[in-house]
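Below is one structure, written out as structure tokens; the observations come after it.
Every chain is named by a letter (A, B, C and D) in the order it is written, and numbering of its residues begins at 1.
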């Protein structure tokens, strides 16, 4: 395979430290040694002709010139590279309530043969109306039943505005948990795994102002060990998603007041609902009465009070500059720490983000920004956003969100590289940084002694168009092996 | 109203008993019978006493000859029980106002005079469990009733349980909470927390304390996971109703649930779904078949069992899944469900193994009284009466 | 000057107007020299112009003047003959142009391209707590049009779909972020008296709406008074913070006005009575159309500002004649009279046309020009910052080819906070 | 929204730099030498630090040591890679709609639908695609005549490299149709053609008799026989002319197969009607299951842009993934790749599609051929484009690095020896990277331009000529963009 290395790779190669960590390799019955031309530790450093020694599910040594312990299983991919298991800190996993599982009817066999390929893509969900033709969407054509436009398999978040898995009965639902609608058996996880992603934060659907608590899950390994944290950060949403996604909020305008006639129907309303929820939570915490329009439910306030004390972390999804600034204003008003999600226009307010010391989980990005397609919130997308964030010294993780086809997060890394982010920064943005932002950096995110052995072995350099994960280990266990295929 | 209909039934059944007194044998001589372990055993005398099974002995041990019925070639089976039935109440089991509605009772909707009961009897179903529709997270308690009655017998086997839950998309509504899986789980968690703290409806508190069992209707495999996570609560106090194909959940179900209800099955369903019963049973999960009467035909309970066996289930387990296990699930196993001393003599006589779809129902006994006799031509008769 | 020349033959990706290519190539040259006049020399600029309409309280007009700008403020305005331009100033020569204070639109909704999305949260009739601050998108086409029309300050208020639709924001029309643009937030409280809310809500009449508004305002006033008492240290108990009413405090402290969508005699009358007389808050009448001008004596008596627009005529059925709104207000004695567009209902850049139309119906040009600049600034309590060209004020002004009231005049250059934000030479918009 | 204005600011530059190629289209610089780059000729071995000499639009020399004529413009491309211009083998994106509603339209030509102002063509240049087979999409029975075009030029005529190339046929059902109807329509079309020819022959014979004032003297069969040689090509009507050319092997056929079962039908249709020898199979993604049949047919194939096929086992529920090109590569079938029509994704790049092949085990040579020479051969222009060889048209892409490296950018594109694209002048790309000052009125000018501005204080008055006639509002690019996708 012909692979010229770009200048920054060469620089890394030169700067690579011969041995990063020398810990005496312990021999054990369960020792695995991974040899590789390049070991990327996730901190940005690279060990040439390095080796990763894994004992009992944990990394015991990383470095060059280590001796192979006796009896160890050796994984040696000539010319390949090794990275930590990738971490997607904002993964939108299969919207289960919209999940189109082919119903096993009398004609199900035929149905499977002709339709199942499409159903495995998120396209059925983007129709959202669950129309009877949902399974028969053909790429590039409008839905023949409901007319939903061209359902290409990879739609940007925000484009898919009709579907929602969020609870519709309220705008403040932080007491709900995303894990309850995550299907751990979803093929999404297989796909994430085959793209080298080992840990994900499953993010809530942005259809409510204060929406559900996300979950941190592993993408492979025994089912019983999959869930790392059942209820993690609460997600707040700025912008138009809370009232446009899912069955959209309506005004009682010349029609009966129905279930969806509620605030917000505007950006003004979004911030108000946020403020009102936190204000009521504060009062509730002091034993004072709460009431009036937009009062959250008691279980919601229980969770929000934990959020106010910092016990439950907060993430805010904001795409446009004005929404990011709204988030910063609200955080200031209530003295909240938060992580910014998506940040499509973050390049337009790097100063403000840096001043507020807000980390960003940026993405997904495209070759041509999605702004050239039909979503208003993504109009401001630019190719240099990630670079601008990195250059501004803002802690940035990269996410593929709902893009899982073939090489999801690795592809995001490819895009970042192509658009001028240095390899070490890209590497950190999908390993070390998301681990830190998810507070799982004590276990995963880097290849260092003592860490859990989540390792990806690539057929070539990581994030190259000609390279793919050959072996993936989670907790020192091989969960994916494509060496023979 | 209910009381009125019940007394009406009593009057009717008394009248029918008088005419059928000849059909009230002291013993039934069975060439073959379905034993409590589900296997088919041979040559037994089932001795009846005041409507109950007194004892089962080898055929040659029982020497009396008067007032016995002998079925030398037929199979005597405990009355079949359908745990997913809405016979006699099917329009009246859906309450939509509140997602958590433990106060509802299926028994309040029961119409014992409904003609569907007769059809069930003729198909060999002697008891059904009626449950409130699964459109609520907690939809009330189920009731188990016999499909026919004889004099002096209360057809209601149980009216206060188990408590019905549902966690799948059947619960979601467009005009009340919850509308989603995450909302369902959160509401349920909140309600259970309340119950645990001693607040809320009594039935929820009983469930929380483990003295009232639950039955959870699940749609997707992930609903099963959710049910186990939120409701099982560390001890198997719930049974799961789930007809889809959660093969890989079998070990979890074996640990976390009392039983799993599957069915009704139909020809043309995917092999994967049809093999689920066998997979669960092999993993040690007590499997119970659902017939789904009256929406499904009264024969669907046996079709379900036959298909499950066709797709790999053990036959003995399949027979138990129509008789003793549903009785256990409904909490009425001390009354019905097996040919076992002390239980009601609710028996069905099949012309052959009930798992064979060509086996016909010949006679049906409730409380030892024959309530149905197939009017068949002599050359087709395999059972005989002296 | 070194202009890159490009071929004139090209493939036009946006349409078939291939004939444009020659023009395009010509334009290329202009783009290669961007911001010819925006190049800043430590932010110090000197404008040498033919005429400065200062709009100062003395209504001074200075011919052949120089305006010095530094650090975003106007440093000095004087006759050319009275002043030599100091070293270090970049001089912008416009000897035959007018320098006019930045035009102020006291009532508009140009928050974003998709402005209709975020202005009316019409779920409840009363929406204190909502702020337009969150909806303003600095990079929006409407604002670009505004800049090109010489409009430098706008009051962005929520829509009039509900009785009380939230708090507006006074903002400049240029800036990278909202925070950079904002002149004052909250800028005003928006109330819509009848009219639209009547249409949008079944069964809600004026009596209920007025009752409702009064209730809300009185609660807010009670809240404010409780705090006032506490802050005055009169031993009062510390009131609880309430986000619903906290934004109103500035209103009762007379820090910002209430801008009222009000436009029929009865409605204007109620506004004056309820808000100005009884509640004693600073009140600005917006729209003031239909037969609103009949309240002119009441308005004069109440001493409030009236900002008229965007409709400049009213057919009086009784008199069977067409009336100019602004003219009738003026004739009625209301001298605190300004103009607004309600943009994008009427395009922002057409605000001077409102004035032109008002003159056509009988108003006078100079007061009309004042109604575009100083009057709205005074009405919105921002006349310490904008509204006139005076030393110490924000350097917001436009360089015009002539009198802005004359529809034939065009704005050639717009300056906001001492920065050239529009230059027709570089990229003409109109 | 900044986009609109940026577009406005951008398009003069764009038209000036990107598309000026068209302006020199008539008179390309006579001689150009690309010197010092790594040459990947696709046919033959790579040449490091080689030179490609272009004379009058043709490649006249390729090699390590090429004598450059004194009058050639020398372009230093050292450190870069010279690659043949890539070919989009099947694209309906340069047209207003992808398919007509009429099912059988052999009388139509994409010539009448091509819109040279489509953003698609600009994108194609940016992506290194120098030749496009403009052909209607798959929703047809018999579609229009296709042609091979370059993405530059003001008119379809200027753009055309080869026309006509092929007729489009589909054996997969047209929308709202089914396979039985589809096949019946195809059969009927050719039966009707035979019928038409016979009738025409009879008519011709009758006409010839009339000329000589004779009465018809033979039976109809004989009359047809005698009339046949009398038919001239001009006698055929629009509806049949192209079909006759097709059946005579004078036109290519691009036959779309939707599922594996369609392949056999396509082959039979082509064989029955005499155009098998010039047919190309356009395969839907599930067609790989008929790989042995396809191999046996021995015709060129064009693969679906969706290279990965997933299907779920109905019993186990497991998802099985098949990488389609690998199947064909293993079977030894030469194939052409298509770029994905979704502009936002990496699959829009043909070289990325090739890289995916390599990632999944296809060897590098096959992968590179599938985006260059294979498509050229399938289009019947293998002797003119598709590789860097002496005598071929100078359609070249200069990559900043290896074409299979995702960090490589298309730096320059040469079409017919004309520099049609240069990345440093790509204004849209600059805008997307935030490099272009968004709006002169807001941003501070770049240093050097500031200086220029200062010098230009006393702008001569004649400059004012242009400014009064600024371009009117250009339609937003979005409308066009969605148009190209739709």
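By definition in this document, contacts are C-beta pairs under 8 Å (C-beta built on N, C-alpha and C of every residue); 3 or more make two chains touch, one makes a residue touch a chain.
Just so it is clear, the structure is predicted and the values come from calculations on it, not from any experiment.
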item	value
Contact-richer chain pair (by C-beta pairs counted) among A-D and A-B	A-D
Chain closest to the middle, measuring from C-alpha centroids that were averaged per chain	A
Intercentroid distance (Cα basis), chain D paired with chain A, Å	37
Rounded Å distance, chain A centre to chain B centre (Cα mean)	46
Centre-of-Cα separation between chain D and chain C, whole angstrom	54
Cα-centroid distance, chain B relative to chain D, in whole angstrom	67
Multi-partner residues of chain A (each touching 2 or more other chains)	108-109, 380
Sites on chain D at which at least two other chains make contact	1-2, 314, 477
Set of chain C residues in contact with two or more other chains	112-113, 137, 139, 176
Touching residues on chain D, where the partner in the complex is chain A	1-3, 123, 175, 285-286, 306, 308-312, 314, 319, 341-346, 348-349, 352, 355-356, 358-360, 364, 401-402, 404-407, 409, 432-435, 477-478, 481-482, 485-486
In the complex with chain A, residue positions of chain B that touch it	169, 172, 174-186, 190, 220-222, 225-226, 245, 248, 268-270, 272-273
Chain A residues within the chain C interface of the complex	238, 240, 249, 251-254, 261-272, 275-276, 279, 283, 288, 292-293, 320-323, 325-326, 329, 348-349, 352, 376, 380
Chain A - residues contacting chain D, complex	1-4, 6, 102, 108-109, 112-113, 116-117, 120, 139-141, 144, 150, 152-154, 156, 187, 190, 347, 366-374, 379-380, 382-384, 388, 405-406, 411, 414-415, 417-420, 459-460, 463-468
Partner chain B, residues of chain A touching it in the complex	96-97, 99, 101, 104-106, 108-109, 165-170, 173, 175-178, 180-185, 204, 212, 223, 247, 258-259, 299
